[in-house]
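Both of the next two complexes hold subunit A, though its partner changes from subunit B to subunit C.
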Partner chain A sequence: MQTDPTQNSNAEILLRCEGLNKTYTQGRWFSRSRLTKQVLKGVNLSIRAHSTLALIGLSASGKSTLARCLAGIEQPDSGEIWFEGTNLAGLSRREWDPFHRQIQMVFQEPAASLNPRLNGVELVSEPLLVAGMKKEERHRQALDLMELVGVPASCARRLPAELSGGQRRRLAIARALALAPKILVLDESLSGLDLSIQAQISNLLITLQAARHLTYICISHDLDLVAHLADEVAVLHEGQIVEVGSPAELLAAGPSSRPISRFQEAAAKLNKLQVGLP
Partner chain B sequence: MIAFIARRLGRSLLVLLCVSFLVFYLIEIAPGQYFEGLRLNPQISRQTLAALESDYGLNRPLPVRYVEWLRSIGRGELGFSFTYNSPVWPLLRPRLRNTLLLTTTALLCSWLIAIPLGIWLANHRRQWQDRLFAFATTFFLALPDLLIGLLLLVFALHTHWFPTGGMSSLTRADLGPWGKLQDLVWHLFLPVAGLVAGTLPILVRHVRSAMIEVLQAPFIIAAKSHGIPQRRLLLRHAFPAAMNSLLSLFGVTVGMLLGTSLLIEFIMSWPGLGPMLVQAILERDSYVVIAIVICSTLLLAAGNLIADVSLYFADPRIRQETGR
Partner chain C sequence: MEPLFFARDLTVSYRLEGQRELRALQGVTLEIAPGEAVGLLGESGCGKTTLALAMLNLLPPRARILRGSVTFRGTNLLTLGERDLEKIRGAGISMVHQEPGMALNPVTRVGEQVSEVLRAHQPIGKDAAREEARSLLTQVGFAADSRVWEMYPHQLSGGQQQRVAIAQAIACRPPLLIADEPTTALDVAAQVEIFALLKELKEKLHLAMLVITHDPWPLLQLVDRVLVMYAGRLVEEGPCSPVIERPLHPYTQGLLRSRPAGSRKEFLTSIPGDPPDLTQPLQGCPFASRCPEKMDVCQNCLPGQVGLEDSRHVACFKYAN
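And then the complex of A and B:
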């Protein structure tokens, strides 16, 4: 394992990636040639401790791939991911295991990302089992976590299919919090919810961040939400970070040549469609 | 739960009735009857033949014979064998027991090997182990069951490690209980190996592909990101999810094994239903054929019932659906 030469000089930076590249390859029928698509092209990014970084960009700009690389689900082809003095890129699955405790991910679709055969308390307590905790202790801690995220104890024995969309999101957050991570990667974790539930969960995230000193990497399409949650915004366009700044700077109307304006235009169109305006 | 089983049982009973009537009808329209051979004998008069057919009730219309056959089930006879001049059930019972012994052992062996092997291969997808087994399973799939049986017989003849037929040695009567069991296992080995060699490649491929499909599900990727170890991912998350399609396959394998076992029994002289069925077909002993087909259907229905009930226990979502 390599150690980070710039660790001492950037004590505030919790996670930093440099020159991250990722290419997907697909074979073709009756042909030796392969389809390749470079999803990440030399991504450089730094995330300060206890802050929220929002990753925004159009569809297929590489946001989810970047999140999956940071959470250790995908291996980047090249580049470095520095976390607490260790380069995570290129670690084997076994070597990654201890870092999974520190960097957890909340997925886009909790209905699909929670095992449909496990009930609420089993889902939340499972990561604790891996941490070697005894059954009663696990159970108690899982119930505490569920209470923390606002899932009533009566849902403990219910399967994910029996819970509402909002409860499933909360359960997914509780599961990700079980191992007391330092970083939570939220991949569109608030999309598809109605506004009041979205507001409740984003407020919950803010409360949890303060209470547990969490760092968030938040992927979203929703600019209002980004303005509400993020301390810093990075715009990803065709696999490259094209702008980084505070939400106030970036989301303020600027010259239309700026990359973020394309995203703002798209978001505005989407909003019009949603409210049925021409 | 009881209502669920009762519904399934009712459905199986209906299938059995339909199959029995269909077999009755098919045998009726098939050319040739048991007494057909006697017609060619000039020493037997037409009157004698007519009297014989009347005695056995063969001159009555099909629905009447069918109802009479259904009544004979109530009496525990399952029809009448012309060849053995006896009710069918006492003839069938010991042979059914032998066939059950063979197929159940083969079924257990096939699944007990296929499940861990399929999981292991799914976990080593596209590695050399996976490619090697893909080649081996294709090879065994391409071999006809008949050839597998004959190759096993050649193997037994050359090595003298296993008997080439039957299910007990001549000295069986002198053996103690432990010796009798050893003798039975020794005789079971080759027919079971033949059945397993025919079924295993299909099962391994199904287990492997079911596991691979589940391993790509979002909840498995999510569990992986939570740091759940691979062993637990495979056994606690992926395997139960893959179970649904495998349990449905279980019911089908019962039928598959029964079909192959009739052939293997015939080649290896296993005193089961197979040789009896072949003999009954050749001699047009129609009630024996019907009874054996009904027994096979019954076993198939039982296999599917076991699969359905296991599915009920394995998947909490099915319990909820049927509970509502």
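And then the complex of A and C:
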């Protein structure tokens, strides 16, 4: 099953990909044999503006590869990615540059994606430096962004290692927002956090979406969170989108042969007694 | 009944740069009966892992145990020498870590790694150890004819790696297993499998467990008793489902409410603020600054454990008298 872009008015589809394929090849030392693995097999997907699309799937189903292709970090082997009238899939690296401003990615572990030697304000203002902004202006904007995501100004001079996990996530989000993108790709940005911090970041994402008209592509394997945040859910299974729908449709019980049922079953077992809890 | 494991009034601090000290555990008392599964719930930095390491007397050199004792089968582990401790670690108390990929040796085949554990603890021949290791791998859910024996850890999925780590942990039939966030690094399906495996092992081998986690829901099916930890102290304790279904301590209540439960795009009630800085001396209840039900007494006095019906305990002035 796939979304048919013609069903919706084209104006509100912000990003659309068609027939995306991606194969990874692993060479071996001293050998001609090559291991190849096709991680994306003809992925079709559309994302409406100002909405949240959740990509769910088990490990190794191709979620992160798809997200990286959409964010321009990885090039698909074939297929099209349409964004505001441009096919991004065919672009060279240089041609991609202006679009990186529009589509930003927030990675799972900010401790690994943030430069450990830059302090808070430098990290957030770095994208503005690349954009050619003057120093005072950069710092002023960076402090505004930090305020927006709720990192206290007292953290401006601290290194990532001196911040808490929740503060690092907030900082990574502030950095991604620096160039005022239209789309944020959130690769497991809420996993691995304590419950109370996860709730805080989830609240932040909801506020930011409304305030800045953001579109989120959110990768997760946490179904409760997906049901909470997403307008639409796409299930990726072995490199293919097998189902797309609203969380209410998809996460309601279905025949057990559907791949989504595997997550549901799993999630249901984990959260068995959740209904009716405070 | 004589407890299998007993930690009393355990207080641990870490030395930091510049003469500062971080109070990681503050008067923690923990008892585990044979065959009993206990869940330890708390957020990062609250001292869960410090407690687990202290239980094995495995704390890093910069940690100091200021008070308390750790007793396993009547022996105080804190006074034992390294050689005696090695006999208890693995054979008496074993541990499964958060990142199975880090816990396994990347350059040794899986089968060898499991039989190695057996040979380290028991006077057992190579062939007998292999035989035993094969049966352990089937016990943790690998098919008898699977090729896992010849594989290296990187060829396995996270869930499979964790199974291998569990096979190692139960190899010498220890009476107590500590699982430190065993599923945090895994996806949902693998999480369910690992928890089901732990439950099965607990029942089959009559294994006592301490399961450390920051996600309360999986505990419901696995453990008998839950301890909730905050800022290095136990704040709530009791039988599993009553604690999770009707938490008493405001911290536990806040923690359990932070989970999304269907309400779309509404704000989640999270606990405001951050945990206290454990390098600073603490006055009053450690949760007071974030507590929605704070009273005057909470600012100045430290609440002690209050015993309630159903063998529940809670450290909160709300329930005093």
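Throughout what follows, the second predicted complex is superposed on the first by the 254 of 278 C-alpha atoms of A that agree within 3 Å, B and C clash if a C-alpha of one lies under 4 Å from a C-alpha of the other, contacts with A are read in each partner's own complex, and residues count from 1 in each chain.
Criterion: contacts are C-beta pairs under 8 Å (C-beta built on N, C-alpha and C of every residue); 3 or more make two chains touch, one makes a residue touch a chain.
This structure is a prediction, so every number in the text was calculated from the model and none was measured.
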First, second, both or neither for A:Gln200, with subunit B first and subunit C second: second
Partner chain(s) touched by A:Gly192 [first = subunit B, second = subunit C, both, neither]: second
Which of subunit B and subunit C A:Glu12 touches, first, second, both or neither: neither
Which superposed partner A:Glu147 touches (first subunit B, second subunit C, both, neither): neither
First (subunit B), second (subunit C), both or neither touched by A:Gly165: second
Subunit B versus subunit C, judged by how many residues of subunit A each one touches: C
Which superposed partner A:Asp224 touches (first subunit B, second subunit C, both, neither): second
Touched partner set for A:Glu249, first subunit B, second subunit C, both or neither: neither
Interfacial residue positions of subunit A with respect to subunit C in the complex: 58-60, 164-166, 192, 194-200, 202-203, 206, 221-225, 227-229, 247, 262-263, 265-267, 269-275, 277-278
Footprint of subunit A on subunit C - complex, ascending: 43-45, 157-158, 184, 186-192, 195-196, 214-218, 220-221, 241, 244-247, 253-271, 274
In the complex, subunit B residues that touch subunit A: 217-219, 221-230, 232, 237, 240-241, 315-317, 320
Interfacial residue positions of subunit A with respect to subunit B in the complex: 71-73, 93, 97, 100-101, 104-105, 107, 109, 112-117, 126-127, 130, 159, 161, 172, 175-176, 178-179
